[in-house]
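Alright, structures below, take your time with them.
One chain, chain A, links the two complexes that follow: it is found with chain B in the first and with chain C in the second.
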Partner chain A sequence: MVDVSQHELVPDHTVVDDEEIEDVLEEYDIKKTDLPKLQRLDPAAPDEASVGDVVRVTRDSRTTDQAVVYRLVVD
Partner chain B sequence: MSSQQTPKTIGSLNFGLMDPEEYREMSATKVITADTYDDDGFPIDMGLMDPRLGVIDPGLECKTCGKHSGSCNGHFGHIELAAPVIHVGFNKLIRRLLRGTCRNCSRLVLDEHERDEFRDRLTRTRELQEDLNDVTKAAIRQARKKDTCPFCGEVQYDIQHEKPTTYYEVQQVLSSEFSQRIVAAMEGDEEEEDSQPVSPQELSDKTGIAASRVQEIISGEFRPREEDRKAIEKVLDVDLTEEDMNKLMPSDIRDWFEDIPDEDIEVLGMVAERSRPEWMILTVLPVPPVTARPSITLDNGQRSEDDLTHKLVDIIRINQRFMENREAGAPQLIIEDLWELLQYHVTTFMDNEISGTPPARHRSGRPLKTLSQRLKGKEGRFRGSLSGKRVNFSARTVISPDPTLSLNEVGVPDRVASEMTQTMNVNERNLEEAQRYVANGPEAHPGANYVKRPDGRRLKVTEKNCEELSEKVEPGWEVSRHLIDGDIIIFNRQPSLHRMSIMAHEVVVMPYKTFRLNTVVCPPYNADFDGDEMNMHALQNEEARAEARVLMRVQEQILSPRFGENIIGAIQDHISGTYLLTHENPHFNETQALDLLRATRIDELPEPSGTEDGTPYWTGRDLFSELLPDDMNLAFTSEAGDDVVIEDGQLLEGTIDDSAVGGFGGEIVDTTAKMYSKTRARILINEVASLAMRSIMHFGFSIGIDDESIPEAAEEHIQEAIDNAYERVQELIETYDRGELESLPGRTVDETLEMKIMQTLGKARDSAGDIAEDHFADDNPAVVMAESGARGSLLNLTQMAGCVGQQAVRGERINRGYEDRTLSHFKQDDLSADAHGFVEASYRSGLDPKEFFFHAMGGREGLVDTAVRTSKSGYLQRRLINALSELETQYDGTVRDTSDTIVQFEFGEDGTSPVRVSSDEENSVDVEGIADRVLDEEFQSAEQKQEFLGERAEPTNLSEHADDWWMAEGDD
Partner chain C sequence: MTRADVSDDVEAVVEDTDLPRRLKDEVYDTVEQRGLTVDEADDVARAVESRYLDTRVDPLDPVGTVSAQSIGEPGTQMTMNTFHYAGVAEIDVTQGLPRLIELVDARKTPDTPMMTVHLDDEYATDREKAHEVVWNIEATRILALGDISTNVADMLVQIDLNDETLMERWPTVSRTEDVADEIAETIESNLGVKTRRSGTVIEFGPEEPSYRDLLQLVEELREIVFKGIEEINRVVIRKEETDDGEEFVLYTEGSAFGDVLGIEGVDASRTTCNNIHEIKSELGIEAARETLINETMHTLEEQGLDDVNIRHLMLVADIMTNRGEIESIGRHGISGNKQSVLARAAFEVTVNHLLDAAIHGEIDALDGVTENVIVGKPIKLGTGDVDLRMGAKQD
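Coming up: the complex of A and B.
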């Protein structure tokens, strides 16, 4: 199987810890379910991610260099 | 709703099924008579037009609420159905419930563990705001797998649904020809070797059935029990069953559903309190109020009823017949037929476009427009009446150009201006003005149409009462005065594909009947003047006017959010004009120079550019420079290819053309809009357009057929080039015929030949173009237009003067028409250029009939393509708009939908507006340039700036080695 996470077009996906989740939720004043979603079986999802985790996606951006997005893992 | 009531806030909405008891309770009357009016024209009691259902005739009083027509909203009635019928809108849900629940005890056929699982999944999907249907469907799928009920052990049968409203239970029962099948199986299959005939004795031994019983079964006298049947089936390897379809009547289904426990439906996502499943089977039918189905009185005095009333009449008639027949003890067959008929009428009452059911028709053959037809589609209640409403204070007429208007303005015909009004709140300061308007009356132009007194009474201003009325106007009144110059209005051209399709303009009242607009606003509206019409909306409150003026005025829309550059700029003749003015930098004497600038705000000429024979002259570039901001510095490459240099607002060199002042990213306009102001950019565009028009008129600019003619020698030259290409094509064909043509990778030989021929002919056209081009002077109008980017390209020129070239359909040479040839004029399988649509002629020389035909084929494809493209992109646009319409950028920079789910954490990743910051693949954001500009603006003097930035490091005297480092840092 191809490991898509190694592909240059696939941005970095990392599971974030509870503390950081809290910070993010507080910053935007949202519930966890208001985050954008990521499928558990998405090829880009990290292996250790399980349903209910939050994944941080850091992608290169032409205008901001790095754009950070948080996604809730769902099935 | 009556206009007197104050609007209320909606706290919450609940959707669910309705309890038949609730129908009965809210019903104003039971409806039992199918007739509407009696012979005297009065509505019949307990008929479909019962006065208790509301009133439509003016003067009558509603018997339920006592109000008159207009203020009474109408009241529902009800029909007691003789037998329950299925509600078509719920046929899928009914099917699901039948499949998921036990036929005996009505419980959901899932054990506790499974129920918990689906309950959990339901709460989770609810939280994630995903589709609940996915979960309930999965639950039903799971339940359907069960053969028996886990609670009562009853065997479950498959449910078959015959659309729209018939349900069958499919059971496996003993076939009627079971004995024949057993005998056939006992004799064995002669074709197969290992199948031995089985004797009755053997069968008896193997199945454990008594031998005498076996005999009886074989003779067909005795029907085997289920265990015996299964045993025989196993031994003989035969299927003794057949499907039995047992029709479920709506009453059966209703009984079935009534027994489903509340907690079981919860697992299926239904709330029992609000939606009991048996309510999906109708026992009582609500009759919509008369106001929802008004009858119309025709000219001849006859009443014409609404489609819904017609349908209700049908329902009541059948209902009546059903009851009579049942009471008379009619045979079951008749009853069932009537039942089905009743079901049909109730079904079509709700939806008359169900597949598989013939639509109910009017006497004329027109299908009836029933409930769901009123809601559905473009003209339905949602898209037609709620999302799209007709508006007052709007006008529509043909548009025409007027270069004397500013781009912010629009010429409004006086007859439109005196129909559209603006409300003036009269006070001490505008009292005289208001009186003047009223005194002018409704017909003279700056007049008024209505006045409103402080007590709320509206009076129409007429020619007769205007003088008198104007005297009465005093502070506190409201005067609806005509549109006058300077009013702000909204102007729109459909299709409104981007925000620049709706912009605010200032009114200039003009004679005649068309809207006039400056030609530079054609690109954002995508308008031309071949008969286009546009809409105008007069704004009716101060907030709207302020918002339009600040946000929507044309000058505020110069920069397009699509690509972050200006979309408004000089077009067509303006470009040719500035090109002629600046390309060869011609000289003008004083009169000429003043004439060129007379439509601009420049009323004094600058210092002359020089003197010639003692008279001063001004160059075109110097005159153009007068329009530029004084401190503008710019350098870029023009469309014509030379370098444009602007220093301190002076055009030093270069040609001003499309890439300088044009729309879609003209450097000068773009820079002015971004670095100076929108207002400065508006002035610049207006003046460039005016100057360009003056200069193109000074030089004179026209194009005719002779502008594309070339010397005979050149024509021969072109002919030679084409003949040459023909020869090469012939060679290619010969190689192909000999079978020596080598195919290109990934292509067949035929494809290779086609490609090579196309290539050769393409080259031939290009060389014909090159030859033709050599003979055109630089001042040839077609060349000027192509080079400046005003209109047309060198390819167009090539086709006019040189050779039109290969015509294509679907990207290939023309291959269609007759068998193995395109036209009957050619031999079959002729591969040559002219037999497949190569047009050797130029547009100037004219095409021969065959060429003309091929050219028409290519042209037709283009037309069809555009027609298909517009309809496809229109639908795509609609879907995009619907998908994105509820997204909104919040104050914290996130983009969220209406349920607060985040779509983007920062608008467009960088939180910047494309109108304020532009960058693309080649030009990233010029951070250094912006920083320099900010610093320059922040400090008045160079010293202060120097102080802020700090001193440059002095050369160190520590070591000789340090000198290199310091030298490399700067050059001083």
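Coming up: the complex of A and C.
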């Protein structure tokens, strides 16, 4: 089986803890469901991610070196 | 994070600003090069910060509209002709406006699917090894392997396999007879006939003598894929310059991204494909977003329209991948899923939307732009969304 995370197009995906989620939601003044979504069966989703978790995606960005975005895991 | 080349004070000053990492690093470099004092460094950092904040998008700016215009205008200058041999190898790729439309429409399969296959270490430098991978990818059908003749008198199909081709395409098997056996087996399981083999000649015929069945068998025989991946009709091998030397890169006509990633010798960390749906199902939504940006930018660049700011394309890709799956721009995707009835009705198939909304008793909150234009209220963008009121008290 091919390790998806090794591909150069796939950025880092990590599950974040509740505390960090709160910080993020507060910073953007949004609800959790307003976040972009990530399907639970997405090949790049971390194995331990379950529905309702928030995943931090650290991209190599073209405009800043690194861009951090959050996605809510959905079914 | 501490930096060795600047003092703690300078670092504290710069880290205190609202700048992104890259700009902070540039400030550090400048401070070090010019040998600035902490106060001067502070001035520089503040000046950079204020310029940076000025260039940011203002709240309530209609970024979507600006993106639409910024991509739409160059779009008018793009070529209409679909096919062209792209700069890379002799592979036919859809370019220009048709390709751009294909991308934002999120078609299930592009008009001209293709892959760029990078190879692992020794496969990338050795032509023989690279060819091994080529034969594992490119679909090999019977016409490439030998001559077919139909013997109507005896009701037989005869295949005279070409020894050289066999050795070339099955480099790991030493005897041509073994390859011929393998081919005969494939034919038997695919066509449900008994075959006879002598040397590298394979014979078979229909169970009952029937002219039509015989021709039918030949037709089906031509379709059988003996080696490689069915979807891939052609592979072009090219030597390319890299940072450290040269390597062989394969370009394929047709795509089967998932299959190719599993083939030995294929570098599964760099190989890409131009079908965003295949990328999505193999590598996930983030990789699909990245590919969307790359492909749209590449399409524009090819047409000499490289002055479109990448941020517009990033916004489009962000919206298209926002729900964790790829959505098209248009009636069946983003525009069709809008909350507001009036906004949907204004886009396409007006009557259907209004009728459905009436039947279901939908409510329009009049939050968006289109709705407010229709009812003649100020739109909630820019100054339109700011309420100013005179204070009752002075404070």
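The rule is simple: the second predicted complex is superposed on the first by the 75 of 75 C-alpha atoms of A that agree within 3 Å, B and C clash if a C-alpha of one lies under 4 Å from a C-alpha of the other, contacts with A are read in each partner's own complex, and residues count from 1 in each chain.
Throughout what follows, contacts are C-beta pairs under 8 Å (C-beta built on N, C-alpha and C of every residue); 3 or more make two chains touch, one makes a residue touch a chain.
Quick caveat, the model's predicted, so the values are computed rather than measured.
In the superposition on chain A, A:22 contacts neither chain B nor chain C. When both complexes are overlaid on chain A, the residue A:4 reaches chain C alone and has no touch with chain B. Contacts of A:44 after superposition: chain C is touched, whereas chain B is not reached. By the touch criterion defined above, A:62 lies against chain B and chain C together after alignment on the C-alpha atoms of chain A. When the two complexes are overlaid, the chain among chain B and chain C that reaches more residues of chain A is C. In the superposed model, A:13 makes contact with chain C only, not with chain B. In the overlay built on the shared chain, the residue A:74 is in contact with chain B and with chain C.
Once the two complexes are overlaid on the shared chain, A:36 sits against chain B and chain C alike.
Contacts of chain A with chain B, set against its contacts with chain C after fitting on chain A, overlap at residues 36-37, 62-64, 74.
The part of chain B that touches chain A in the complex is made up of residues 127-129, 892, 894, 896, 899-906, 908-910, 912, 917, 919, 924-925. Residues 28, 30, 33-37, 61-64, 67-70, 74 of chain A are the ones touching chain B in the complex. Of all residues in chain C, those touching chain A in their complex are 20-22, 261-262, 268-270, 272, 279, 281-287, 290-291, 293, 310-311, 314, 318, 321-325.
Those residues of chain A that touch chain C in the shared complex are 2-4, 6-11, 13, 36-39, 42-45, 57, 59, 62-66, 71, 74.
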